[in-house]
Each structure stands twice: as structure tokens, then as C-alpha cells.
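Got some structures for you, see below.
Paired with subunit B in one complex and with subunit C in the other, subunit A is shared by the two complexes that follow.
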Partner chain A sequence: MKKIELEWVFYFIKESLPYLSVTAQYVFFSLIFGTVIGSVIAKAKMSKSKIANFLASFYITIVRCTPSIVLLFLVYFGVPALLRDTSFGAWLNTLPTIIFVIVTYSIFIGASISEVIRGAFQVVSKGQREAGLAVGMNEFQTFASIILPQMVKAAIPNIGNTIIFLFKEGALAYTIGLHDVLGRAYFMSGRTMNVHALSMYVALTLIYWPISLLLEKLFKTISEKMQYVHVETVKETELAKEVKAA
Partner chain B sequence: MLKVENVHKSFGKNQVLKGVSFDVEKGDVVAILGSSGSGKTTLLRCLEFFEKADDGRIELGELKTDLKGAHKSVANQFRQHTGFVFQNYNLFNNKTALDNVKLGLIKGHGVDKKKADELARKALDKVGLSDRLDYYPSELSGGQQQRIGIARAVAFEPDVIFMDEPTSALDPELVGEVLETIKKLAENGITMVIVTHEISFARDVATKVIYMDEGVIVEQGTSLEIFSRPKQERTRQFLSRFLADYDYVI
Partner chain C sequence: MYIDFDFIKNSLPIIVHKIPITLLLTVVSFVIALVFGTIFAYVNYKKVKVASKAIRVYMSIIRGTPIILQIYVIYNVTPKLLEGLFDALGIGVNIYNIDPIWYAFFALSLAATVSASEAIRAGLLSIDKGQFEAGLSVGLSERKVLFDVVFPQAFTNAFPVLGNVLVDLIKSTSLAFMMSVVEITAQAKILGGEVLRYFESYLCVFIIYIFLIKAVEIINSIIESRISTYKLGTAHR
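Up next is the complex of A and B:
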């Protein structure tokens, strides 16, 4: 019978926690490259070219209809198998596993990030771009100082969700043998014939829960901090409340 | 000083401007009148290069260009010399009132920060908003926002300011403060081209009036000519709808 043994829970936490850095690596790099892919797709989707439009929609549809584990296997096993006889294929086989994880999740979240970017872009009215041009700034200056900051603000809650998604979903990388938090825990559990598996799951919960909650809280705070409000007026209203209360 | 020639513009099959020409001298306040859909706003947007005109020329001081196919850098050169006030204010939502005015000075015109700060404060003082420098657009009334919009357009001392229905989006009780601000600019000799539905304001403030209908200028002349002795029947009809109270004396 399986039971939760506290010392084994601690053992698994102690063993897996250092591998949080691996998890952080693929979250970070997938987010960066996913944003790059997402920007390109969003740009294509908003362009007037019908071909670009079609390709972008095609990409989004395909990726959305593929479970992330399938994509992971296709990238990790499929691509090297397809290119087996080429030098590129041989080179692929020498790469560390985490590269495949990053590629997979960049492709995967690129689709959703493109929609986030498109939505954020539409938040900023066309008129503000024209106003930027009207005061003598060029397109780039207008984008950098007016449009981008407002887009970032609008996108932050969604970016936060994407990071939490990557943090949890990335755990699937254990299936191709990556030692991240979950992979390491599974590995150690295997060494003890999975006798203490339940303790391992409790340990994982104790790692994933607080971090996810913390991330969620963090992004909520950031987006609240980014309201464009005159600081003094906030103080004034608070003061007014206090005066009323007294 | 500003010379506009033969502007044509179509949206698809819909011909909005069918050859519009007019001149503006320094110190002129030109009111462009006309019912909705007459092409007034499109004309102004073509002159600021927000719409690509299909044909036409524009001259502003030393600058001249064909409107069709004008390069971005040419558009930017012209915009350096023109201010634009939008119907929906279009303030930068991520900037305070002061920064809204400063930004164009610093980035668009290369004014150094200290000087820009000084000019921006002066411009905001002119529109009576010295006490709202640190407020964001979302915290201000429509009238205040539009006055910032005007300060932003005036601050870099452009040769001419285009105003696209500056009071149409405002609640009626806020129209007055904005018109008052514009009137003050006119008294200071600032050259303006104003698309407006405020006919009586145009009569009081404009030195020159252009009446447009269906993409052409039906009649243009001094304020006195247009309002007291309109030559065209169409102009007379249009004005009589707005100035009905002047037809009878009780």
C-alpha cells in the first residue's frame, strides 16, 4: 500500500528543487523565441498580403490542433529521423535535449502569443499613431515611445498566463528524458522502484503550487502597478476616505 | 504660404475629393464648412499625409510636393511644420499632460529636454491647464483633453495648424472652453485651417471660409462675403439651416 512518508517527501524536494534552474531555462528561452515567432505571425496576420495572412492562420490552426506532447515527439524524434542521412540530422543528434524542448514550446506558444500581440496592438488606437506622426516623430519613434509601452501593458496578464503554462506544461519534457524538476523526481523515484511514488507527487505539488501562485500574484501586481494614473490623485482619494472615516 | 492644388481622393469607387484647391496666407483662420460626407475631413487628412491622395500638390513655405506617392520622409518634413488637432483628441494615453506636449518637441523636433519642458509648460499655460501637468488623459475631461491636444499642436510653433472637427466629440457644455482656446490662438495670429460644424464660431473667428459639398469647393471667400452675401444657392441653403435665427427679426 502506498502512503505519504514525510522524510521521502523532503528527500524528493531536496533532490528536484535544484533542477528548477532547468525548468526556468526552458520557460525563459521558449518565451523569448515564442515572442519572436509570435511577432512575426502577428505581423503576417495583420498584413494586407493574402498569402502572409493565409500562412499565419494556417500556422495558428495547425499548432492549436496539436497536443503539445505530439509536437514534442515530432520535434525530438520526427525531425532527426527525417534528416537522418544528412549532416544536419547528425548534428541534431548531438544537441542537448533541452534544445528540442525549447524549440517545441517556442513553436507552440508562438501561436498563442501572436494572438496576444494582435489583441494588444488593437488596444492602442490608430489615432495615437497618427498623433505621434503629427508631432513630427517618425514611425519607429512613435512605435517605441507610444505604441509599444501600451501594448506591453495590455499583454502583461496574458504573458503571465503563458509563463505559468510553460512552467507547468513544460514538465512533459520528462517524456524525452529531460531532467527538469519533474524529470529529476521521476528519475529518483525510478531508482527506488517507485515505492515512494506518492511521496514524490506530494513533493512535486509542494514545488509547483507555491511557484505558480507566486507567479500569478506577481503578474497581477505588475499590471496593477502599470495603470496610468496621476499618483497624487490616488493619495488624495485615500486621504479623502480617511477623512470621511474619521 | 500654404497652397493646395487639385486634390483628388477616392475610397474604392467612392470619389470623395474631386479636385480641391485653396490658398492660406499667414495669420489666416480658415474655416471649412460643409455637411457630413462632403469630404472636409478627408481633405485635411490628405494634407497631413494620413491618407494618400490620388492626385494634387501641396506647397508650404519652401516645401512642395506631389501628394501622390509622397515619401515618408517628405511627409515627415511637412509634419514638422504643421500641427494637427484631432476630433478624438488622440492623446498619448501612457503620458502625462506635460509629457504629451514634450514628447513631440524632444523626439520629433530635437529640442533639448530643458527647453522642451519650458515650451511645453508655456503651451499648457496658454490653454489654461498649468494645474494639470502631471495628470494622465484618462483622468481629464474631454474639454481638458482637447485643450492638451491643442497645446501639443501649438508647442512647436508650426506654420499652420489643422483642426479636424475639434469640438464634435465633446459634451455640449465643454464645447465653449475649447472654442475659447481656439479663439485666443486666432487673436495671437496663429494660422489655422479648421474643419468645423460650429457655424457661428466660424463666423466670429474665421477670416476666410470655404464651403464644400460632394467633394468640391462650392464657394470660398472672406467670412463677410460668405456669411452676408453668399453667391451660390447651395451655400445659402446650407447656411440658412444653421443661421435661421438671422432670417427674421422680432
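Up next is the complex of A and C:
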């Protein structure tokens, strides 16, 4: 292994940076599907039905107790191997690797997102829904225009953490041969017989570290921006001004 | 489509046999993480000039990079460094005879140190400065105040988060197969690869992990309820 050479660091950055789009793809789609799964689980956890409640808790426990790499292997190697005699199994084998990555991480973060949603839902007081219904809005309108915005606000920091988690943990997809940022860098390093591996590590650190920091900063700013003034307090101050003027 | 139960029956004991390796990886890395995490947390808490800046940077790098990258760096770079060091010092030890588990301890404790240090720092911050001063004013030495007054309370407060660090660590030990340490995941990979029974072998580790981590979580919650007695003093404030 040679020493760190600046030109090779640049070479690896130049080669693997375009594959950030692959990373972005699985982060984005896992987040979307994870949110769908998470919503269903949260709904089940909050429902009165005992069976739904049990199933949701079961799902969360199982997923929380599994290393993501074991789940990744189970989805990528296990399921197609189990179904290899069926036509569905044959079809699975033709799918691109990224699909398996997205499925795995959707299942994985579905559990944590369900907790985030549940927490965010509890932030919004019950009276608000009742108030919305009382002024003649229907159930959907109340949810979409009153409860959801407040839930989003409460969930933003956790969503940010989930995205950063996905961004870093998704690099494990390299072990099943996906060419994302890390996979591409390793592939290119393999072509040069890993002589410049040290430069590659530096390049990867220089890609992952700033982006993580940037994401952290971004979500911090967003959640700060969303700390808007509460309606009541605005009205009170206006009222106070009027009183003073009078 | 069928599940080969004979395969599961035969391979489960072999995989279970590797649980001690997983536990060894976890415990040693956790102890390393606790020791360094405490030191880092204390340095950060005291705001030592250069050291706390350096630790900040270290923590930021570790938190900002994927663990798989850290593992590869440790596994591929440290032997070279050690080789140079041993050559310089004239120690006649062949670097390539070192058990890879040592690298695994090192690599796994890197990330755990950061999260442990964060937890302990939060624990330290939850202790009132007045306790420090009170201890010093009754004539205890600074070391005594630290170890007899501040740390017990700080660790009690940090315990739930430290429990999560432990659980995360158990999960990360599944990555040790990349450093050719044969623990349960690696064993399942080997067994499944022999006869292409991937589903069954990964199902085995899947179940083992669930039991293992659930057990640790239950133990954690028992200890947590036990030590919450020591928390009374802080809870009153």
C-alpha cells in the first residue's frame, strides 16, 4: 500500500461522487416506503384492536433486534434462494440489486419511523381534532390542515436523523455488490490492485463526512425555522397593543 | 419452495456455538468504549483547550462516516502501521499472525466510544455543579469527588442510553465477518454458502439475534429499575 497521494484522492472522489445519485435513490425511496410502513404500524399500534396492537409491537421488536446486515442478507440471498424453484423466484433474480436494498431499509426504518409518527401524533392535543370537527371541517380536512403540519414539525429532527442513518448504513449495500459511492470506490480501487487503498479511504471520508455534517446542519436549520410563533400568542400581543392604544 | 428443516436442525447448534465470540466482541468493545468514552466525556465536560477540540473532530468524523468504512480502514491500515512500528522498534513479531479479533475490538469500539461518550457527557451535565463544589468544600480531593460523588450519579443517569449503545454494539458485531472473524453471522454465511441454503442459515442468525438482544434489553430494564433508587437525590431537584 502506498502513501496518500493527492491526485489519487481526487481521482477516487471524481470517480465515486457521481454515484451519490444511487445513494440518494435508496435513501429517498427507503424513506418513502418506510414512512408508508411506519404509518401503518403506528396506526395499528394506536388502534384499539388487540391483534393489530400485538402485530405492530411484534414487528417493531423483531426489526429493532436485528442487525441491518442480517436483514439485508436475508432479503438479498435468503428470499430468492427460498423461492428459486418458482417463477416468482426467477423473476426476483432478474431485479436490480438496489430494489433489495430499498426493500430491506424500508422494512428496517419502518419500525423506527412508526415510533416517530406515534410520538409526533401525541404532541398534538386531542382537543385540536375535536375543535376542527366542531367548526364543521370533516375528518380528512382536520387531519390534513391542522394535525399533519404540527406532526411534521415535531417529527423533523427525527426524520433528519433517519436520513443520516440511511445515508451511512446504506453503505453496507456494498456487501451485496451495489455500486453506490462506497461500492464504486472499492470497485475502482480493486482495478488498481488496491495499491491506492489509503487514498480511497481518504476520498470516501471526504465524501461522507461533509455530507453528514451538511445534512445535520440542514435539519437543524429547518426545525429552527419551523418554530413559528403560536397563533394564540400573536393574537394576545395584538390584543395587548389595541388595549394600550385605547 | 420448501424450508429445509434438517439443515436448520444441523446448523443451528454450530451457529449457537459461535455466540461466545459475538459476546466477547461485544463485551471487550463495550469496555473499551466505556473507558475512552468516560475520558473523552470528562475532557469535553472540562473543556480542556486543545484536547476537547481534537476529540470533537474525532467524534464528528466517526459519526459522519459509515461503520463499514471505519472497519475497512482499521483492518487494512493498522497492520501496515504496526509493521512499520515493530520494524522500527525491532520487535520480532509477525504482524500477520495477530488474531483479526484484535482489529475487530478496535474497529467496533470506535463508533461505540463516540456514542458512549455522548451519553456520559449528558449524564455529567445533569449533575449540578454545586455538588462538585460541596464535595471540595468539605475537604474531599478532586479525584474522590469525581469517583465517589459525581460519576455514580452521572452513570445512573446515563444508564438507559448506555444500554442502547450496548444493543447497537451487539448489532454491529455482525460486521466482524468483514475482518474474517468467525462469529454467528460469518458462521451462517459459511454454512449457507456450502449448500446454497441461504434462507435457512440467515433465518437462524436472525432468530439468535432477536433472542440475544431481547435478553439484553430485559436485563437492562431490570438493572435500570434497580439503580433508579440511586437517582432519588437528583429526581427531587
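Simple rule for what comes next: the second predicted complex is superposed on the first by the 227 of 246 C-alpha atoms of A that agree within 3 Å, B and C clash if a C-alpha of one lies under 4 Å from a C-alpha of the other, contacts with A are read in each partner's own complex, and residues count from 1 in each chain.
Assume a contact is a pair of C-beta atoms (placed from the backbone, for glycine too) under 8 Å apart; a residue touches a chain by one contact, two chains touch by 3 or more.
Computed from a prediction, not measured in an experiment: that's the story for all the values here.
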{"item": "Touching partner for A:Tyr208 - first (subunit B), second (subunit C), both, neither", "value": "second"}
{"item": "Partner chain(s) touched by A:Ser145 [first = subunit B, second = subunit C, both, neither]", "value": "first"}
{"item": "Contacts of A:Ala131 with subunit B and subunit C, given as first, second, both or neither", "value": "first"}
{"item": "Subunit B versus subunit C as contact partner of A:Leu17, first or second or both or neither", "value": "neither"}
{"item": "Broader residue contact with subunit A after superposition on the shared chain, subunit B or subunit C", "value": "C"}
{"item": "Subunit A contact footprint on subunit C (complex, rising order)", "value": "1, 3, 60-61, 63-69, 72-73, 76-77, 80, 170-175, 178, 185, 189, 192, 196-199, 202-203, 205-206, 209-210, 212-214, 217"}
{"item": "Interface residues, subunit A side, partner subunit B - complex", "value": "124-125, 127-128, 130-139, 141, 145-146, 149-150, 153, 228-233"}
{"item": "For the subunit A and subunit C complex, residues of the former touching the latter", "value": "1, 61-62, 64-71, 73-74, 77-79, 81-83, 85-86, 89, 168-172, 174-175, 182, 197-198, 201, 204-205, 208-213"}
{"item": "Subunit B to subunit A touching residues, read off their complex", "value": "48-50, 72, 75-76, 79-80, 82-84, 86, 88, 90-96, 103-105, 107-109, 134-139, 149, 152-153, 156"}
